[in-house]
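Structure first, then comments.
In order of appearance the chains are A, B, C and D, and numbering begins at 1 in each one.
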Amino acid sequence: MAQLSYDKRVTALLVIDPYNDFISEGGKVWDRLKPVAEANGCVPNMVQVLEAARRAGLRIFFAPHRRYRPGDYETWTYVAPIQKAAWSRKTFEYGTWGGEFRSEFTPQPGDIVAQEHWCSSGFANTDLDLQLKRHGIQQLIAMGLIAHTCVEATVRFAVELGYDVTVVKDATASYSDREMRAALEVNLPNYASAIVAADEVRGALLP
Amino acid sequence: MAQLSYDKRVTALLVIDPYNDFISEGGKVWDRLKPVAEANGCVPNMVQVLEAARRAGLRIFFAPHRRYRPGDYETWTYVAPIQKAAWSRKTFEYGTWGGEFRSEFTPQPGDIVAQEHWCSSGFANTDLDLQLKRHGIQQLIAMGLIAHTCVEATVRFAVELGYDVTVVKDATASYSDREMRAALEVNLPNYASAIVAADEVRGALLP
Amino acid sequence: MAQLSYDKRVTALLVIDPYNDFISEGGKVWDRLKPVAEANGCVPNMVQVLEAARRAGLRIFFAPHRRYRPGDYETWTYVAPIQKAAWSRKTFEYGTWGGEFRSEFTPQPGDIVAQEHWCSSGFANTDLDLQLKRHGIQQLIAMGLIAHTCVEATVRFAVELGYDVTVVKDATASYSDREMRAALEVNLPNYASAIVAADEVRGALLP
Amino acid sequence: MAQLSYDKRVTALLVIDPYNDFISEGGKVWDRLKPVAEANGCVPNMVQVLEAARRAGLRIFFAPHRRYRPGDYETWTYVAPIQKAAWSRKTFEYGTWGGEFRSEFTPQPGDIVAQEHWCSSGFANTDLDLQLKRHGIQQLIAMGLIAHTCVEATVRFAVELGYDVTVVKDATASYSDREMRAALEVNLPNYASAIVAADEVRGALLP
């Protein structure tokens, strides 16, 4: 496990899919995430890490999922199960409240919002890697939703592409402890250099 | 040179950057492209190939350049010369007429518009490769602007990624014959399987 | 779950890391994989699926992990935990028996061996996507090692890149049921169109 | 044009295809490159830049073309013209002198040799981007062969992926001035931050 110490010139915060549909009361998927998210303080921890990163002068990047638009997937030869679910639910529907970031995560001037990703990885088929490189970023602090799909996928891709990644384990959530453990205890320890609590990240950023 | 014969199930038309700023009277770059574009009938040829492709039942893909938005490039460590030019000119400014496709190239239902590209290749940092794969496409007929920058880049990337490409040589334009020849006579013959006129493409699609 | 029926012209078998170090008695990691692998018949099932795929005329692709060579990782700024483990163990050491494929999986003429991958995904930083495209492949039947690292990573990437994937659930193995379930029950059902037994795959390929 | 001043911690030299088949007497393509290469001092300039880079403590990366092996391309659905040429000539044949780097460019301990590229870009389908990231590299000084194919392609890709690039204009060669100008005067000024002579690079590295 890395000692938590970041070179701020090459470190960024990466916020994955902070949509109302995921983490706001009334969002389409909130009821399924709520038990885990409320138990670990996911949203307040995400807010705390975001504020610490801003105060520490880190640049903030957002990796947003494709917001559903009419016609999406209809002409595809093959559609993955997770995409079929997004299609049938119209998750993050473009132009709706559910397809907006929860208000605390509204991008500010200077923040970078990558292009939308179609599946789970914030890097696949988007400009996220380019934007990180154009800002000289080599280390990522990752948080957001959902732990075993988009967060795990984005972290796996980040490491494959050459980034060093810290995962904030109480600033993410999933449908149950089973999915949380699959991501945080079984898989991500192979890829992330550190899997730590929000408090630890804040302490490292604002010593 | 390939004989022009396409398996329509795996072939698509790829239209690159048909913005008003490039190919409409009053566009920011039109005056520089006009001499070549009018000499070779670029716009009418693009329209002809688009119509032939629609009639032949090919799927149409668009590869659009980043439309300029305030803040673009400002925080980048390094900005390439072609990006500095786009930045200073505000080419394809988002929300303006110049940043819209020329009316004949307005996407129709069933067409696929890839995410915007930041530099010259329609594939780099976008979902174009994914969208082509999800529609089973292996062969591309490419046309649009500008011959030696975005068209050449997109064709080079397409071939590197595994596609077979035909370039429509009179459905593209550049600033002068020098740039046209660099793209169409020096470089692209190494990558494109065919570099042919719009009439030939139409003949192959609608025999 | 898809009904198992493959268009053989666009389907390939993808064999992930069938190294002696993983699946042969005496291999560096075999002792850790043996309990699961012997319980589910991993190696005989892999052989059975390979033979069925050959008889059905599918093309066979191999996605091999980086074979350790002196100097690997030594100059990297950041090294992921799974890479540190490979480094310290010298897994799949180049030029040794452990770094060769188990004999049943020796590539035959016409098989395609992709370039070696540095982390877990057979697609990341290799020519696997190119080779699949150059052979017109859109659907993959995936098997090999290890379920929750390289197999899961390769399947996740395949789907992100646009492929349809079947996972052969008893032709893979991991350190314990916990990792197997994280991959096969928690994560991969989001991405793979089918997660089935070797017998089912054989039945679909040789009806 | 950038003033030539490099942050050595993030700058690397990238040597593209310094094979005997290209730049040694008796190589398969040397006779076609010789007039330009001897006129501009290509090989001595490449040696000079390599030595300056080593003395300045830059890390050296090599981007090697696929060395021809029996079976290559035979099963591909589509083969690009430049690949057909490599296939028929068996350029850089594996195991032969032509497929070795010219002796002055033999990699030294600590140098990084990327995986072989199948077409022209050193980045496409290889681990070059990963290796650069893992060493913290953001700026490249590029030289090698051939100016309008592999060098131009590699520079175009580098810029699309987010790197800042200097091209050494007299440490490259092509079949004639026409191809040299297409690359160095028409196309690369859009992408490279600097296109300069070997002397200038040496002066910037060893001030």
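By our rule, a residue touches a chain if its C-beta (ideal position, glycine included) is under 8 Å from a C-beta of that chain, and two chains touch if they have at least 3 such contacts.
Predicted model, so just to flag it, every value in this text is computed and none were measured.
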List the interface residue numbers of subunit B and of subunit D, divide the shared ones by all numbers used, and answer same when the ratio is over half, different when under half. same
Identify the chain pair with more contacting C-beta pairs: A-C or A-B. A-C
Subunit B to subunit C: how many Å between their CA centres? 38
Measuring from the mean C-alpha position of subunit A to the mean C-alpha position of subunit C, what distance in angstrom results? 28
Cα centroid separation, subunit A vs subunit B, in Å, comes to 33
Residue numbers of subunit D (touch at least two other chains): 77-78, 118, 124-125, 129-130, 134, 136, 138, 160-163
In the complex, the residues of subunit C that touch subunit D are 59, 71, 75-78, 109-110, 112, 115-116, 118, 124-127, 129-130, 134-136
Okay, in this complex, where on subunit B does subunit D touch? 77-78, 80-82, 118-121, 124-125, 138-139, 148-149, 152-153, 156-157, 159-164, 178-179, 181-182, 186-187, 189-193
Residues of subunit A that touch subunit D when the two form their complex: 10, 129-130, 132-134, 136, 138, 160-163
